[in-house]
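Below are two complexes that have chain A in common, paired first with chain B and then with chain C.
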Partner chain A sequence: MLKSVWTSWRPVFTVAEMTLRQTVMDSFIIFTVLVQPLLIAVMALWMLRDKGSDIAVFVVVGSGMTGLWSSLLFVCGNSINVERWSGTLETLVGLPTPLEVIVFGKNLANVFQSLVSMVASYMLAAFLFGYPLHLAQPLLFGVSLVLTVLAFISFGLIVAPIFVMNPSVQQWQNAMEFPVYILSGFLFPIALLPGWTTPLSYLLPPYWAARALHATSSGGGSLQEVLFAWGMLLLFSLIDLLIASRLFKLMLVKARIDATLNME
Partner chain B sequence: MQKLSVNLRLFWQGTLLSYIALFAWLRPVAYAASKIVMPLAQILFFTFLGTYATGRGNASFYIIGNSVQIAAVSGIYGVTMSIGGDRWNGTLPYLFGTPANRLVMFIGRAFIHVIDGMLGVIIGFVWGVLLLGLDLSHTNLPALGLTILVTTFSTSGLGLLMGCLSLITLNVMFINNAVYFALLILSGANIPVDTLPGWLRLLSQGLPLTRGIAAARALIAGASLSDVAPLLLGELVIGLVYVLLGYRMFRWFEHQAKQRGSLETV
Partner chain C sequence: MSAIEVRNLRRVYRTTVGVLRRSVKEVVAVEDITFDVSPGELFGLLGPNGAGKTTTVKVLATLLIPTAGSASVMGHDVVSGGDEVRKRIGFIFGGERGLYWRLSGIDNLRYFGSLYHVDPDVVKQRIPYLLELVGLKGRGNERVEGYSRGMKQRLHVARTLLHDPEVLFLDEPTIGLDPVGAREFRQVIRDLQAEKKTILLTTHYMFEADALCQRVGVINHGHIVALDSPAGLKQNVQDLSVVELEMFGVPEEVIERIRRQPFVDSVAVENRDQRQVLLVHSLRGSEAVPDLMASLNDVRVGRVLVREPTLEDAYVRLVGGES
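What follows is the complex of A and B.
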């Protein structure tokens, strides 16, 4: 049983390991997953310092989530294009392992790497700013984190083929970073936003991830609320995986028909 | 007279061609995304974060700070890419092979980015007025325009210096991104400069934008041009210092590259 599980997941873990080895010293990725979230954490801790020490864990989680989203947008979003630029996409498509499994492994590495930003923000808040930090519900927080990783990987599986098939959408990549920080309530409650934006927040998996992580880290939410956020994360992960499966098929069929697998 | 005319032509052609080359790949949609939507999103994010921290009454502090800080998009990224583009596109050896006036050539790389940066700041203010209720009724608009010009110039001065770094390092985008975010923290765009620790306050005074943002806030609160003249003069001097530092580095790089035969090294 264990062997069969390992065999089916082995390509995912192998790709994740290879991706981590390739990207661990990449300066763009270091900036995206480490430096930028840290700078945002410094700014937010400074700006929100009058709100008391309870805000520190909220900022740590929120700034870490900015790193997760930026990584999803810029790194996972380009996970297919990167192979195209380095001339390895044709080989990957020709493998018996489905391309979406390979991209899943790449996204797993990228999202895992992004979690470093949360750890770094935690250390910054604890050591540089001297805030007493503790997780209100560590077990529930851990589960929320696992579901967040799954939701981000699944969302990344949609973004990558969309960017490949629609270069005009990718031109909006830079403009998509801050809107999701805003709509997902990473660093301030979405109640501050106009009411008409709330349904948009509900459609974003990062919003449910932020709700679950903020509620379990600061203890501000009931168990029912946390369970509901988990349910939404699972639902979105499932929907995203189904959509991604269709998108990958569509992308590969289109690339084969147009003979554009190695072209922009 | 003929020398002046040649230098003016060189300045204009260099300015125009480097800008066209940089944005040759850019479609109107991508321009709109980076010049209209991205600044709006950044202004909204920091304004909401700021009002969450200090209350809705302080929204204008963050709107003005972040609108002026948009100058760094063109001033830092645009100018750096214009200077670095010559290295990546292989045109640097040809440039260094010409007898053209280096200062004219160097400053020409930033000229249109100053105009483009001003447009970005104006777009930021328009968003502030239309969406966030920024009140400009007490503002001396020509003086605000001058403030935007001087601030964009000084930020582009820093961009020229950063651009020279792109001639000697492969990781200039990492440095650019870090400088861009550092400006968000240290320029007073989001955190009042007088609340920073002493050494950061000192650093802040050596950066572009700090005085420009303070001048813009004062003008929007009803100050006159003469009230903010010392701030603007300081901002101008900071910009000139960065331009001169950048130019010295540019000449040093040319000298080193020619001596070591590393002109075409990428």
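What follows is the complex of A and C.
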């Protein structure tokens, strides 16, 4: 049983490993997942330096999440297009492993890489600004992080085929970055925003991820609230995976009809 | 049961043209193709550029959906049974793309081995064997970006043999290889044939098809215009002899004049550096040479050779000198 589970998941981990090997020194990815979140963390820690050390963990987790979202948008979102541009998509589509499994593995690598920014922000806050950092509920934070990773990977599986099928949507890629930082409450609570924006936040998986991570790292929320956020993350992951499965089928049929698997 | 079965295959590409007034333009790549390939057979598809060879291979490799007709591999339809087809096939499209250049050759093979669902222990055992088979022994740990074009193509071959597929599609696999590399590659194809793999090979090189294929289908304008063994195809031109005239700067009107001669079946021109070689297919053999020389007027003529027709001559006759 375990062997069969491992066998079916092995391609995912091989893809993740090879993706990390290729992108570890990629300057665009380093900027997206490390430099930009660190700049955000420095600015936020500087602006909030009079608010006390409690805010530091919030900023560290929040800036790490900005890296996660940017990575999802720019790296996971382009994960199919990149294969097409480099001429490998045709080879991948002709393999027995479904393309969505391959993209899942690529997204796993990208999301894992983004978590580095959270660790980097943590070290920055601890050593540069001298904040005493500790996680309020480390175990619950760990579970929240795993569910966040799953939710981001699943959301990335929707974004990638949409960007392939609708290049016009991809033109809005840059415009989608900061609104989600704000609507998801990465760096400040959404209670500070106008009331009409709240339903929009509820529709975003990153909002529930931010809620679970902030509550378990800063200790600001009850267990019930954390469990509810977990439930929403799982629900969104499930819905996203179902939608993604349909989108991949549609995209591949369209690409096989329009002969767009190859850029040549 | 045939290993590959193609029935009345038709494939049309649709593109939109224009900015304000957009209109759909249709290009028929494959009009109506029917053929079978038996298990263990090495079948060649020959044809000029744009004849529909690559389109046919891509349909069989499940990368394109046919507009009409059907195709199946090992009994599985390429559209409804695509998953089953993909487990059983390997394919190479000529060129350097399709590999991960930032990874080493070995990492590329590990990656694709996993995606072909090959057990990692088996992949580990097969990699040294395959690297040796394709002549990349000792180079596997280098990044692919440092490989020559020929090395990349050889890595493609290793990649496609990882899962020991039953059917192989090789689309112009020797294009761009140096003569030694191409000869080594042909030996690899012979070895695969000896292992009773079913192989569909497309190539521009007639001698390659002649030397390797058991049967050849000549494809032109999306139709199969001839389908036979290389010897059978050559029979079609047994009544002809080929006169090769090496010339320098032959005008178009002279070629037309030769083409109009009653004893000339067809004329093709090959450009070789500064020279042109006129390949004149004639029913009169060496007796045609004096008349041909008379038609040339003042054109400078080098070597003149009369020879038996080859598969290439049969091909030229079939496609009307388009290649």
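FYI, the second predicted complex is superposed on the first by the 262 of 264 C-alpha atoms of A that agree within 3 Å, B and C clash if a C-alpha of one lies under 4 Å from a C-alpha of the other, contacts with A are read in each partner's own complex, and residues count from 1 in each chain.
Heads up, the rule we're going with is that a contact is a pair of C-beta atoms (placed from the backbone, for glycine too) under 8 Å apart; a residue touches a chain by one contact, two chains touch by 3 or more.
Values in this document were obtained by computation on a predicted structure and should not be read as measured data.
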{"item": "Contacts of A:V146 with chain B and chain C, given as first, second, both or neither", "value": "neither"}
{"item": "Partner chain in contact with A:R256 - chain B first, chain C second, else both or neither", "value": "second"}
{"item": "Touched partner set for A:L238, first chain B, second chain C, both or neither", "value": "neither"}
{"item": "First, second, both or neither for A:A44, with chain B first and chain C second", "value": "first"}
{"item": "Touched partner set for A:F31, first chain B, second chain C, both or neither", "value": "first"}
{"item": "Chain B versus chain C as contact partner of A:L223, first or second or both or neither", "value": "neither"}
{"item": "Touched partner set for A:N174, first chain B, second chain C, both or neither", "value": "first"}
{"item": "Which of chain B and chain C A:I182 touches, first, second, both or neither", "value": "first"}
{"item": "On chain A, positions contacted by chain B and by chain C", "value": "none"}
{"item": "Of chain A, residues touching chain B in the complex", "value": "27-28, 30-31, 35-36, 39-40, 42-44, 46-48, 50-51, 168, 171-175, 177-179, 181-182, 187-189, 192-193"}
{"item": "Residue numbers on chain B that touch chain A, as the complex places them", "value": "27, 29-30, 33-34, 37-38, 41-42, 44-45, 48-54, 171, 173-174, 177-178, 181-182, 184-185, 190-191, 195"}
{"item": "Chain A - residues contacting chain C, complex", "value": "7, 10-11, 14-15, 18, 21-22, 86-88, 90-97, 102, 253, 256-259, 261, 264"}
{"item": "Contacting residues of chain C [partner chain A, same complex]", "value": "13-14, 58, 61-65, 83, 86-87, 89, 91, 93, 95, 97-103, 107, 110-112, 114-117, 120"}
